[in-house]
């Protein structure tokens, strides 16, 4: 068995992510109620439902088409801040991956790195601004580190998921400087960032999909 | 000491009534909340404050002028249903009493009878409609009865106050047919009528003023 | 009590002060609480006066202006104004052709306007009166106070105001008003009570899972209480009694009115439900109003008003109106 | 949750259906949630498009019509619409002279409109953008998301709409919009939270004796919480930061806006307080709006907006406008 993932695993990933978002919808909404506008659960749920429905009606056969379809669907169904940001993640991943049928660990890491760079280019958030970047960046760093030390996909994505969770938790004490929570000033401290929370679900789903495929 | 009341006792009456309304304002408001619009306390309090202020600035020397001043002040300061009705009571009392300096028990009873008739003419309520008439009529009946049996003013007005309270209590089970409470239909049963409640305060104040003068 | 106020007893006059500042086209008398047009209508035209308790804004003060009211008399909150003030307003706007009093059918309003009309006649002013009683939530009977005047008042003030503006005489204006009252019906409901400032707490308690059907505009409890229901069911409970009592088909002017604390997004949603039900009942909505027109302080809820329309009413409806609360064609 | 709705997920489209039924002068696309004028403006004129999350009605859909917006794009409740829909609206109303996007400064709105503008340029439509950021409750900084766009959006849409209607070109309209944004400021407060239908409960808890100062329009908590205060004190807390930040005297257009559940009687009272404070600060209110213009679902509270005015702005303000939410001179 070669250590790569194909479109089936990617479909499994986004499907698991959809289910996990649905399960954690209330939690995301509550986090967004505390320092935002109480819609992050609804937004992500609407988006991921649309993504999975779209893929069910037409599953692209190459990695880039599939990721771009996910990205476009998110962009055109979510709205809010998370729509363009999550959408950009997948769109850029697709561009990075290219018209291939499979991705190895390095390819996946490169694609996610391109995605995160895309989010930063759009949203201009830096580490410590209390946004989804604070979970996303450490996760992709962990993935890169895994690839560097020659870890397999399963190990590397599990490490990424762990790093995402730690990154999410690191947002707790932060004072937000980007997104809606920034309007709260000091009052934003003491709450987890909702976007960072949904990002952990994204990496958990990735690790689970990879583990399930191997 | 002759058994009559003069303008001083009447001023004492309305002053006591004002104080009693102020003390019981919350109660009247609560009664009116249950089956009306929560303003009977405020209405009567606004009106009686205006009445006493008016009399302080210019105390008429005859009974009829004094009662008409009370009536006019109520009409022009209360509004709502109670304004024209309480106003009519005093206006008609004034007309009945005439330009005298004192009223005996029979004169007072006749004046109040004229007042009640005026209220009925304006408001068209009958006994049992769950309005202030249900306290007012028995009170005036009791006063008449006292006069017939030759009771003194103190006795007769005390009896009137008692009858008013009984009349007020009789409104509890009634289904309202007049006033705002009538919109509630069957739901108006089980509540005291606010107007009947304020009428008991009126007759209590009268009895107290008469007792205080004697 | 959570309100943007200073002292409860100053709410009315302080709010009127704001109206005066915001609307130079109106004259606001802070003593008598009478709002008139800054520029009176031409001599020889019928004047239209309405009024009642405050707390229903924009009714009535927000409807003073060309094509609608000449004066509005603002009583204390939920309390009819006194006769002397109604009389003062009547006298101020009479242009020699008589004055129509538009009175909502509440004992207090009826009695105070009645006394005011007596005072006005004593001064030689001809007064006609229409008592609006459109609320089908209330059982009508010779032996009761009868139906309440609610939403139809808004439509009637607009239509009758237009007739007066175009120069119809007092008898015609009164007849028109009676006709409109005869062919319009309303019904309301509440999701929450309202809080009268002087009372300081909600007029009634309404549990989180309950609503009141057949509510008036003074925070009076409704005809009955029942579990919260979807908008479609609420619409049915409001429209059915209206349709049954109105007993007409054909064109209609329809209002879906907010009670004060209900957002527009909900009112438009209700309007869609109401329009669909009316269509099924053979009533065609040819003109509509959706918004807060006759409110009940901070009550959440809505009311529906249906007025059977004809060419004359539509012409009057479309005539220019220029008031803070209703404005078109100007 | 007490609302006049059916299912939370259907609120937006069911409400839009009501808008469509109530306003034949508008075209409402129930798929894309885009509201346009039924009769487009003349070829060769700049079109004005705005949009954002729903729940702020009448903003933006209620401001579509002659003299104001050409299209409004309604996102889900409190959620910016997606780029494809903004792009669809932009394409639908472009009359060959370019399109102005009026965007309230929220990350979501900015990003989605940015993507939409990219899409539109790819199709050869010239798009200009103004980002409204008038909320002085938020500390501005290069390193943050900056100030929110709130009440000034209403005034800006009116003024810029008038400029586009009279035929100014895109560059002038954009410049005007920037200028207006530079000289207007707002500040809001809440007495209660609001309830997003999909969330089913209030976004934040606010005890009976507390209020939030510096609130936005999405039920975000404000800058700080403090004990309830009289209207005069609330007015001071809203006006002072505006005046300090605006740092101007002279004529101004002023809005006292209700957050959705606050009755008019309170808004006018607040307006009187606000106008008095502004006068003391050397700001003369020459035009005003008092009412619900940019709301936050069923939130109780208000906001104040002050826009320094000059002859050009007053001319544009007084120009005819004919929309469901704002209408005069027509």
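A few comments on the model shown:
A, B, C and D label the chains in the order they appear, each numbered from 1.
The rule is simple: a contact is a pair of C-beta atoms (placed from the backbone, for glycine too) under 8 Å apart; a residue touches a chain by one contact, two chains touch by 3 or more.
Values in this document were obtained by computation on a predicted structure and should not be read as measured data.
Under the contact definition stated at the top, no chain borders both subunit C and subunit D.
As a whole-number value, the distance joining the C-alpha centres of subunit A and subunit B reads 76 Å.
Taking each chain's centre as the average of its CA atoms, subunit A and subunit D sit 32 Å apart.
Between subunit A and subunit C, the centres computed from C-alpha atoms are 55 Å apart. Under the contact definition stated at the top, not a single residue of subunit B touches 2 or more other chains.
For subunit D, the set of residues touching two or more other chains reads 77. A linear topology is adopted by the chain contact network, the touching chains following one after another without closure.
A list of each chain pair in contact follows: A-D, B-C, C-D. Residues 53, 75-85, 106-108, 111-112, 114-115, 135, 137-139, 143-145, 148, 196, 198-199, 203-204, 216, 218-221, 223-224 of subunit C touch subunit B in their complex. Of all residues in subunit B, only 29, 33-39, 41-43, 46, 75-85, 122-123, 177-180, 182-185, 187 touch subunit C in the complex they form. Interface residues of subunit D facing subunit C in the complex, by the touch rule stated above, are 2-7, 11-12, 14-19, 21-22, 54-55, 57-58, 62, 77, 191-192, 208, 211, 228, 230-232, 234, 260-273, 275, 285, 288, 290, 292, 295, 297-298, 300-302, 327-330.
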